[in-house]
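First up is the structure itself, then whatever we jot down about it.
Chain nomenclature is as follows: A, B, C, D, E and F, assigned in order of appearance, with residue numbering initiated at 1 for each chain independently.
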Amino acid sequence: MNILAIGAHPDDLEISCAGTLAKMKQAGHEVVLCHASTGDKGHYVIPADELIVIRKGEAQQAGELIGCPVISLGLRDGEISSEDESVKTTFIDLIRSVQPDMVITHAPNDYMPDHVAVSKLVFDTTFTATLPAFSDRFPIAKKVPALYYMDNLSGIDFQPTIYVDVTDTFETKLRMLRKHQSQLTWLKEHDHVDILGFVETLGKMRGIQAGCTYAEGFIQHMAWTRPNAIRFPV
Amino acid sequence: MNILAIGAHPDDLEISCAGTLAKMKQAGHEVVLCHASTGDKGHYVIPADELIVIRKGEAQQAGELIGCPVISLGLRDGEISSEDESVKTTFIDLIRSVQPDMVITHAPNDYMPDHVAVSKLVFDTTFTATLPAFSDRFPIAKKVPALYYMDNLSGIDFQPTIYVDVTDTFETKLRMLRKHQSQLTWLKEHDHVDILGFVETLGKMRGIQAGCTYAEGFIQHMAWTRPNAIRFPV
Amino acid sequence: MNILAIGAHPDDLEISCAGTLAKMKQAGHEVVLCHASTGDKGHYVIPADELIVIRKGEAQQAGELIGCPVISLGLRDGEISSEDESVKTTFIDLIRSVQPDMVITHAPNDYMPDHVAVSKLVFDTTFTATLPAFSDRFPIAKKVPALYYMDNLSGIDFQPTIYVDVTDTFETKLRMLRKHQSQLTWLKEHDHVDILGFVETLGKMRGIQAGCTYAEGFIQHMAWTRPNAIRFPV
Amino acid sequence: MNILAIGAHPDDLEISCAGTLAKMKQAGHEVVLCHASTGDKGHYVIPADELIVIRKGEAQQAGELIGCPVISLGLRDGEISSEDESVKTTFIDLIRSVQPDMVITHAPNDYMPDHVAVSKLVFDTTFTATLPAFSDRFPIAKKVPALYYMDNLSGIDFQPTIYVDVTDTFETKLRMLRKHQSQLTWLKEHDHVDILGFVETLGKMRGIQAGCTYAEGFIQHMAWTRPNAIRFPV
Amino acid sequence: MNILAIGAHPDDLEISCAGTLAKMKQAGHEVVLCHASTGDKGHYVIPADELIVIRKGEAQQAGELIGCPVISLGLRDGEISSEDESVKTTFIDLIRSVQPDMVITHAPNDYMPDHVAVSKLVFDTTFTATLPAFSDRFPIAKKVPALYYMDNLSGIDFQPTIYVDVTDTFETKLRMLRKHQSQLTWLKEHDHVDILGFVETLGKMRGIQAGCTYAEGFIQHMAWTRPNAIRFPV
Amino acid sequence: MNILAIGAHPDDLEISCAGTLAKMKQAGHEVVLCHASTGDKGHYVIPADELIVIRKGEAQQAGELIGCPVISLGLRDGEISSEDESVKTTFIDLIRSVQPDMVITHAPNDYMPDHVAVSKLVFDTTFTATLPAFSDRFPIAKKVPALYYMDNLSGIDFQPTIYVDVTDTFETKLRMLRKHQSQLTWLKEHDHVDILGFVETLGKMRGIQAGCTYAEGFIQHMAWTRPNAIRFPV
């Protein structure tokens, strides 16, 4: 299966679904990681242009840990607009180039506007990528993929409909997350939180709910022409 | 009563509410059919400009079967934006020209972005059409109409609050739908589905739920200054 | 149409749906009012056996105001059990004797246990009354009726799916309610509230929501073999 | 995996989940079918004691079609009580004897009281079966199984969180259902419906929603100590 | 505590939360009132430019009654866009200048598009105001504030999670509202409603629900990094 | 304020709300702890009659840590019935003897039947305790108290509407929990879980959601005649 995971910022996938992505890759699926924004506002001291380079490298290294390609869409933190035509085209090209059977992204009720915008962009363009026109860089998408929303950072207002036991890949997930050294620092400064501790706690909590040591939770978006009977592959 | 039904594409009303519209018309109400987009991307082979003409004719013929005028707003498939000021003005003019007591459109959780955008445009502009300014083509709307959402193509994640028994007009509905010959073909190619079969199945399913042979389902949008105590007229 | 309204106590129908019942009766429908309990605990001073007689008379007079029969099931306040077989049989006999097309009762999330129990009893027995056996006092019910939940006293956690404009019958509703003189007193003592004032306020509030002066709200219970496409008749 | 499916009446499983059960059995799982009631009120003419024998045979034959044992709990139609201690013990014994990893039953909002009671009994006793005491007929259950709710007859107010593609076993499902000849007749008389037609329509509808020809839908009950991360096995 | 209340139009706060704001101010908190739009379309006869001046004065006088500053963001009625970058910057500057611990605004499901847009703008910019960049007029916000949604005008589809007893400040609320003389007139003309009567009715209704004479209701938005354990301070 | 917390088993309050109870007590409120069942099935080896004595002592010691009285209702594990009249009377007597302003108990969707039954018993009897009759052991309750549901053990399907920062009392909570030595052992054996670890994880998770180190979450039950505007006192 072709699986495409799309987060707003370079470390969002590591936080919310890397254990599952690692497991999918191990099971033999093609997994592509994508972040929409460069993460340019992810630090108070390091200037944006330096930070963009640093964070691209961090994301790249995280992806390499599980042998998956990492794509950056090059947008700007805090400025992702779900109504911008050129941004929509960027997403359409992404989807057409990957031709995913399944897409994972942020839930529509996530905590900050970039996450919300990416969620809507993915919903919209996984459909419009199947229509002729909009761009001619890639052949149109052959189908509308299955769509899954990943947990938010704190698990608030998010009741999974699917739990994935990630006990075996949780250490890998943490290693991937630790690659985002610049962001771990920033989140401590900006939100006074220990992001690794958060991820550890949410992983355990979802594990308790799911009957295993560590778990990640997802909600399937149920809408027509999404192949909703496709099994979550791990 | 003045009833205005607004779908995103030329065949959306036929799919989701034509049985009810036929019944309303038979009961003596004024019913106006409107589609926002020309349906220009509704075919892989026929070029857009030819297709626009073909589909306009198809919609027109469908409307004639029940003696109702059909309005096209001339937008483009996959590009309907609920944030575009000129599109909003187009909707405001439509509403002011029809002065509806009741409006039927797509639900906010429908399956593709044009449907979602039309749903928001109708919610927004049925209110703003009553405010002075925005356009001077028509007198301002005398009231905010009642607002109803029609079913989606597959009935997914849509629990009607109102069922309409359309057993007597179901054959008319199918005849209207068959007028959209270009689209029936396209949906087979694009989504590998038999759209007539879908409509037959959903009609039966809603009928089973409602205690009759064929039914269509609707959800009333409950918000202030909508005349929520107006009875659904059929 | 045969309409049966069932409240837990002698004044519950007056509080929550009398304006609608009056309108239904005026429109030519057969309307039967029923209260499950005698209201025996509805006073601190008057002894239960006296109170039962008083309240039966009050309910009778309220029903007479709109020309509808009033049935008491003779249960005890605070002791209505939805699991008691003989109580179930009492409800089955009621339904079979009335043969309703439509039943109105308390919502499952109403504020006190008798209301909740009556709601479940009505849901259960409107179905089981159609099965052979349980009792031979009346012929079995010919069909499962449509089922509607009426508002609670304060409108809390109750979003109507149907509003009925009761502007024309609201004065009648208040007159019916005033017949329950013993209860109006008790509710002042027990809950420190002016029940007539409550009903006036809720009537206005639902009116504002519905776009008229006074309204009552209902939620239709959507379940199979209920004739969900039957129109609410007023 | 040990899978236990529990319906209220002899044909409920065939209606709502037989396609999935057949698929599970084919995939090598142990599948046990159970109905709580004898179906004794399932006919207007045939007396209860004769009917009990007939229906037991019908259920047996249906189970044989997919090679699964069929258990009847011997309760009475319309009289299943979730509060009856001896009924609870019957369910506890059932669960302990099967030791299921996964249980499928009716949803709590199903359309008639026996279905609702069975749903609660299963929720309660899948937990209490793991506690010492209550009965000593079987060793206590080793774990609380995963719990899934099956669709209702009409699909009303039921949005699946899991769809199973049953295209390959749908014909088997219909063959199983046809074994319940007495019930097919009764449902026509009692509810004026063609039960085979209903099942065909709901199967298609869920198929349209799921992106396949025929599907069945389920909702997983998310509660603690249920192994929520166990994959639905087909 | 620093509290910032943001309504779309000059009188929205008075309608939905002034009793609470008055109580907060009395309790010693800093309270800032803000309206996004000038209210320029709030009258059929008075021209926009005159009306803007009148309404600014009315809002100012209302704020003075409780000793709170009033800020107008200078937008236009019916034209507030949550996607406009310059509007976002205006909101970011507002939030940075006030540095609120808590923000109150419209709910996302309010009845007209300006309210909905303001709700989204507040959700988005209370987060992005904490990020470096976007504007350099004020220092960045030190934290993401707690976020509360206020009731809508009719209480429709709004179940408060928090009730505030405003019995003691309800008269003040009405006095504040009466300052908006131009709007009271307009709402009578435009919507045929007595806005003071509406507010009186909703205040009583929420009071009945909350167990006091007058109340206002709120829903806390639960999302991460909002300090959700901060007590509503009155 | 008089606060009454009611759990099904001797350690349920410690697990779900002891941090809040400790804080309430420190703030000067009267806090009474009650468990419905003796916990007699809480061990595989220790016989029931010995266990009852042990667990009563453990609960007593936990209560003493925060200086609160502990009441046991003497029911049996796995056998609590919300329909049993004598059990209802036991609850009515409890409520009348404590005369609480506020009650905390399990949510209706908790994970096992005793919790669900206690939740319903508390909802029912906090109302019926105010009615004359049922028992004459205590004077009737003067009012219906505010009602709050506490979190379940895993936080599954429970979105708090109120968070309490229990950072300062979390160590006390753990000390109280450690008093239930027999139960900690049993939960390890029965459910293969480290109950102290669970509580630590859930406390952190709710803390992350609430913006503090440790938190507990609650949902207020919104129903009439509950004084819903009473502030949660900590």
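Note that contacts are C-beta pairs under 8 Å (C-beta built on N, C-alpha and C of every residue); 3 or more make two chains touch, one makes a residue touch a chain.
If you want to know which protein each chain is, UniProt gives these names: A, B, C, D, E, F = PIG-L family deacetylase.
Remember, it's a predicted structure, so these values are computed and weren't measured experimentally.
Counting hops only between chains that touch, chain A (PIG-L family deacetylase) reaches chain C (PIG-L family deacetylase) in a minimum of 2.
Between chain A (PIG-L family deacetylase) and chain F (PIG-L family deacetylase), two chains of identical sequence, the interface residue sets overlap for the most part, with shared numbers making up over half of the total.
With respect to chain C (PIG-L family deacetylase), maximal separation of chain centres occurs for A (centres as means of Cα atoms). With centres computed as the average of Cα coordinates, no chain lies farther from chain F (PIG-L family deacetylase) than B. Looking across A-F, A-E or E-F, the interface that copies C-D in more than half of its residue contact pairs is found at A-E.
Centroids of chain B (PIG-L family deacetylase) and chain F (PIG-L family deacetylase) (each the mean of its C-alpha atoms) stand 52 Å apart.
One simple way to say how far apart two chains are is to compare their mean CA positions; for chain B (PIG-L family deacetylase) and chain C (PIG-L family deacetylase) this gives 38 Å.
With centres defined as mean CA coordinates, chain F (PIG-L family deacetylase) is found 35 Å away from chain D (PIG-L family deacetylase). Within chain A (PIG-L family deacetylase), residues 83, 153-154, 156-157, 159, 208-209, 222, 224-226, 228 each touch two or more of the remaining chains. Every pair of chains in contact is given here: A-B, A-D, A-E, A-F, B-C, B-D, B-E, C-D, C-E, C-F, D-F, E-F. Every residue of chain F (PIG-L family deacetylase) that touches chain A (PIG-L family deacetylase) in the complex is listed here, in rising order: 153-157, 159, 193, 197-198, 201-202, 204-205, 208-209.
Chain B (PIG-L family deacetylase) meets chain E (PIG-L family deacetylase) in the complex at residues 83, 85, 123-124, 127-128, 130-134, 222-226, 228. Residues 41, 44, 48, 77-79, 81, 83, 109-113, 116, 152-154, 156-157, 190-191 of chain F (PIG-L family deacetylase) are the ones that touch chain D (PIG-L family deacetylase) when the two sit in their complex. If you check the complex, the residues on chain D (PIG-L family deacetylase) that touch chain A (PIG-L family deacetylase) are 159-165, 208-212, 215, 220, 222, 224-232.
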